[in-house]
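Input: structures, listed below.
In the two complexes below, chain A is the common chain; its partner is chain B in one and chain C in the other.
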Partner chain A sequence: MSKRKAAFYSMTIPALLLFFTFHTFPTLQGIFYSFTNWDGYSDGYDFVGFKNFKALFTDENVLNAYLFTFKYAIVVTVLINVISLLIALGLNSKIKFRNFFRGVYFLPNVLGVLIVGYIFNYIFANAIPTIGEALGSETLAINILGSEKWAWVGIVIVAVWQGIAFNTILYLAGLQTIPRDLYEASDIDGAGKWETFRSITFPMLASFFTINMVLAMKNSLMVFDQIVALTGGGPGRATQSIAMLIYQGGFQGGEFAYQSANAVIYFIVIVIISVVQLNFLQKREMDA
Partner chain B sequence: MKKKKMISIVLVSALFAMALAGCGGKKDAADDGKIKLEFFQNKTEAKASFDELVKKFNDANPNITVTQVNPPDAETVLKTRVAKKDVPDIIGIGATDTYAQLAKSGVFADFSDSGLTGNIQPAYLNMMNKLTGSEKVNGIPFTANASGVIYNKKMFEELGLSIPKTWDELIATAQKVKDAGKTPFYLTIKDSWTTLVPFNSLSTEIMGIDFYGERAEGKTKFDSPEFREVAEKQLKLMDFAEKDMYGKGYNDGNAAFAKGEAAMYLQGVWAIPEILKANPDASVGVFPFPGTNDAGRNKVISGVDTLLTVSKNTKHPEEAKKFIEFLLKSENVQTFIDQQKAFSAVKGVNQSDASVQGFNEAFESGAIEDFSDHYIPSAVKADTIIQGFMQKKDIDAYVKQFDTEWDKVAARK
Partner chain C sequence: MKKRSSTNWVVTILITLGSLLILFPLYMTVSIALKNPEEMAKSIFSLPTGLHFDNFARAIEATNFFGAFKNSALITFISVSFILLTNSLVSYAVARNIKQKFFKGLYLYFISAMFIPFQIIMLPVVKLTTDLHMNNIPGIIILYIVYGLAFNIFVYVGYIRSIPVELEEAATVDGATTYGTFWRIIFPLLAPINATVAILSCLSTWNDFMLPLIILSEPDSYTLPLVQYVFQGQFSTDYNLAFASYLLALAPMVIVYLVAQKWIINGITQGAVKS
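Right after this comes the complex of A and B.
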């Protein structure tokens, strides 16, 4: 074995082992438990076959969690991508204090999700209602996180506020890969701002768009921390995401095996969505 | 040569991975020869009080160091740690469904012959046996709590109100407060668990605590006139709450009540220290929640607030027991209940604080009953169901949801 290869193996194998120990092995364990009736703390359990999976498909709470999560994920993915692309375009143009603004826009990504969540919780519960009261607005005077109908909007606001930071950075990186001469050419052809964006900037950003869409979608399908900090899944089950349901049912409710089955299905769903999304978007990249 | 190299690489990486995996969990690399014990407890309100007692114990026992651990959402943390087989040495939690489940699955030591129960009020020991359905003693009751209605004494005086003894009187009192332009009840529906406080009173007083045992055996259903009465009264209370009741949580409620923003607060005595922290001059009193028009049926809801127990697998059972013995000493119980406005489960220790005198009569006459939600399996998530009901206000759907969730959870066992 050449020295070169040895170096590669000595890097790959530890990583592989770590990955297996902390990722693959727990996953297999989870799949194993999904066929049992283990509550998460008893010494013994029985095998129940596909009983947990069958029960999942008739459980209204599971359906409700999936609906909420998809609604949330689609809205957040679209908003994050639109807004971060706009910000990136702004930050890429020749403006004063460009680096300062780049730093400021990246800041939310550095803060912990829970901290951000608790701060916004305070804003929604106290600051906005106080302002609403002063303005005499009925709708602003109440905490939207307490409303079954609108609580999800509060979570979307926080998630988007924090999520755009990272995607903006990726778009900015993407914008810098576009050769200047393309713009010069479009300038000579007399193309307008919109035309330039539509025909040059956006197509050239296609691969970054794909990555950003997939990442944002995956992250928002796994939404958890924001909900813990903002609503705890309430009111009722109005903002209970799938991850939240797995945690609450599995650990708080002592239905470890049942929620393991839910996690297995959820895992499959996320894999399917990511693959489909990648395929679709990459095809679009080719066309562009 | 090649093969050897490969093997050594694999071995080294395996060792590396094992060393990493070994990092978690181990905490007592005691170099000073002291025995280290972890004391895990679930009451955030009681953190400072326990710190004081733990310090006193550590000072008196130079060879033992007890460390208090008090994470948020402690019951869930405890369950996950039990799943990892990493049970804390000493545990202080409430006698809830979590405790019952863990006790049933044999996580805790058996104290039947420990000699620790002699001085404990038998009523609370019975309550715990009823909860676990076993004669074993898996935990020692330390303190009890009580819930009902906390009221603003000063506001009651100003408005010339007296303590309501029946449901009709309660509503009449609330109406008078409302007519005076003030908020009768401060509800904190954003934190779903707080909705359990009036629910427990109403359900226990109207249906009786045995309802849940009968429901588990399939003899009765939530879809009954009695439970509908509970639901209607839950809705009635909301007519007298502040405007943004859905958007306020427990901490908001404590602060608002301390500032005198409401006449009555449907909470347990555990909220009183928090209220007094927010405003030391708040004039606070308590009275039993009158859920029915038959004053004899209206009770104080009281359960074991903190019980002390030890992991079956702790390495230092003797020292752990010593710590529990220490906490159960009259003077230490007294310190704790004085600070927490709780009631003692240890005989001969009494709560004399003025703010909770309103419950004394009930305690003396035995008009107390356990929390009904302790008998609802936690997977049913009663608090979530109630919180959802308070938004939709649909009694038929509510009653049905309780029944279907209960059956679903039972079927998954």
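Right after this comes the complex of A and C.
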């Protein structure tokens, strides 16, 4: 082997070994345990085949966590993308203090999710009800995080508040790649604002739209920190996400093997969604 | 052609109103952290009348702020430094040999890990790190460096492939080793993408909650987010103390951001356009 080739192998092999040890091996272990009945701390366990997987499909808590997570992820992904695209368009137009506002809108992205969650927890529990009482509005006077029906909306608000920051920056980066002369041409053709957006801006942003949709969806399917800070999964199990269920059941509920099976299903679901999303959105990119 | 230089006031007003929604929770945080319970009882929205810095003193004591700050800073600094040094090196080897089966396979292997949700490895990795006595600060640093590979290789490889090979060939002819070529020629050229990777890894490591939650077992090694979580029960009746503590935990990154704002936004924008 040439010296140069040996050098290239020596650059990658340690990383490969470490990555296998701390990422792939635990993944395989997780899959392995999903076929057992191990609780996470006993000395022994038995193989139970697909029993865990079968049980998952009839477990109301699991079903509930998937429904909540999907509902949440779809709403958050759509809201984040619509709002951050609008903000990016705004920040890209002729406005006063453009750099200052760019700084403000990106600020939430540097804040820790958990602490932002605690701050909003206070706003929902104390600040908004105070305003509600002052206005005599009963709907505003309650703490939505304590309501089984509305707690999820609170989590959506926090996730969107923080999530738009990153997507706005990506859309803004995309907007700056669009050549000026395209706009000048459409101006000469007498195209209206909506027409220009539909036939120039949006198609030119196609690849950024794809990245943003996939990123926002993946992040929100894994929602965990916000829930810890806002509701702890409650009230009841109204806001228990899949990640939360795996964490609580796996570490505190003695369901190590069972939640490992849940994690395997979760993995398959995420891969399917990502692949479908990428295919669908990239096909749209080609058409555009 | 008409000139488009006049300010768009409608958009300016809308953007201003929107930014108030961003700033309001931060205003609440700062003002509550500086108030005392009597002022809170009067109005939770008003500005504090005096500055109650004793909230901060109490928060620093209650949460062992300086200890947690030191842990967070140490973990973030070492992780990010090693991420830059190692992940770029691995990416270089992969990018320059991408036509060979082994390296192509390696590339796909690393980036496919981006799709694996952390929850699937979460339970076994706790067992593994405990068995290896890695449920501590050095352990979590290794995990951050290794887990960074999945995304960073994706970013770096794309960038390195756009650097012409001719630059290195000249160095090789002059007798430089492959490592020498990388450190002296390629690594300096990676500056823009290193900035992107550094900013993103710094933010995600500093703010990470889940990995410290499951890995760090000794209270002495707790990070800032973890400390907020642990002390939440104690905070539940004393909002002024809680918000002083939140503000202390948020402040370091906000200060860094205020100082290096333009640089940070540009770094992320560049990474986005390149990849």
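Methods note: the second predicted complex is superposed on the first by the 270 of 288 C-alpha atoms of A that agree within 3 Å, B and C clash if a C-alpha of one lies under 4 Å from a C-alpha of the other, contacts with A are read in each partner's own complex, and residues count from 1 in each chain.
Note that in this section contacts are C-beta pairs under 8 Å (C-beta built on N, C-alpha and C of every residue); 3 or more make two chains touch, one makes a residue touch a chain.
Bear in mind the structure is a predicted one, so any value in this text is a computation, not a measurement.
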- Counting residues of chain A touched by each of chain B and chain C, the higher count belongs to C
- Query: A:237 contacts which: chain B (first), chain C (second), both, neither?
  - Reply: first
- So, A:25: does it touch chain B (first), chain C (second), both, or neither? second
- Message: Which partner chains sit in contact with A:113 here, chain B, chain C, both or neither? Use first/second/both/neither.
- Response: second
- Item | chain B versus chain C as contact partner of A:252, first or second or both or neither | first
- With the two complexes superposed on chain A, say which partner A:55 touches: chain B (first), chain C (second), both, or neither. first
- Message: For A:267 in the superposed arrangement: first (chain B), second (chain C), both or neither?
- Response: second
- Query: In the superposed arrangement, does A:225 touch chain B (first), chain C (second), both or neither?
  - Reply: second
- Query: Now for A:40: first (chain B), second (chain C), both, or neither, which partner does it touch?
  - Reply: both
- Classify the contacts of A:276 with the two partner chains as first (chain B alone), second (chain C alone), both, or neither. neither
- Item | Intersection of chain A interface sets (partners chain B, chain C) | 9, 18, 21, 40, 247, 251, 256
- Task: Within their complex, state which residues of chain C touch chain A.
- Result: 1, 4-8, 11-12, 14-16, 18-19, 21-23, 25-26, 28-29, 32, 44-45, 86, 89-90, 92-94, 96-97, 103, 106, 109-110, 113, 115-128, 142-143, 146-147, 149-150, 172, 177-179, 182, 203, 206-207, 209-210, 214, 224-225, 228-229, 232, 239, 242-243, 246, 249-250, 253-254, 256-257, 261-262, 264-265, 268-270, 272-273
- Message: Help me check something: in the complex, which residues belonging to chain A touch chain C?
- Response: 3-4, 7-9, 11-12, 15-16, 18-19, 21-27, 29-31, 33, 40, 87, 90-91, 93-97, 99, 101-116, 118-120, 122-123, 126-127, 130, 161, 166, 169-170, 172-174, 176-177, 184, 187-188, 208, 211, 221-222, 224-225, 228, 242-243, 246-247, 250-251, 256, 259-260, 263-264, 266-267, 270-271, 274
- Query: So in the complex, which bits of chain A are touching chain B?
  - Reply: 1, 6, 9-10, 13-14, 17-18, 21, 37, 39-43, 51-52, 55, 59-60, 124-125, 129, 141-148, 231-238, 247-249, 251-256, 258
- For chain B, which residues are in contact with chain A within the complex? 2, 5-6, 9-10, 13-14, 16-17, 20-21, 75-76, 79-80, 82-83, 98, 101-102, 104-107, 189-192, 243-249, 252, 377-381, 384-385, 387-392, 404, 408-409, 411-413
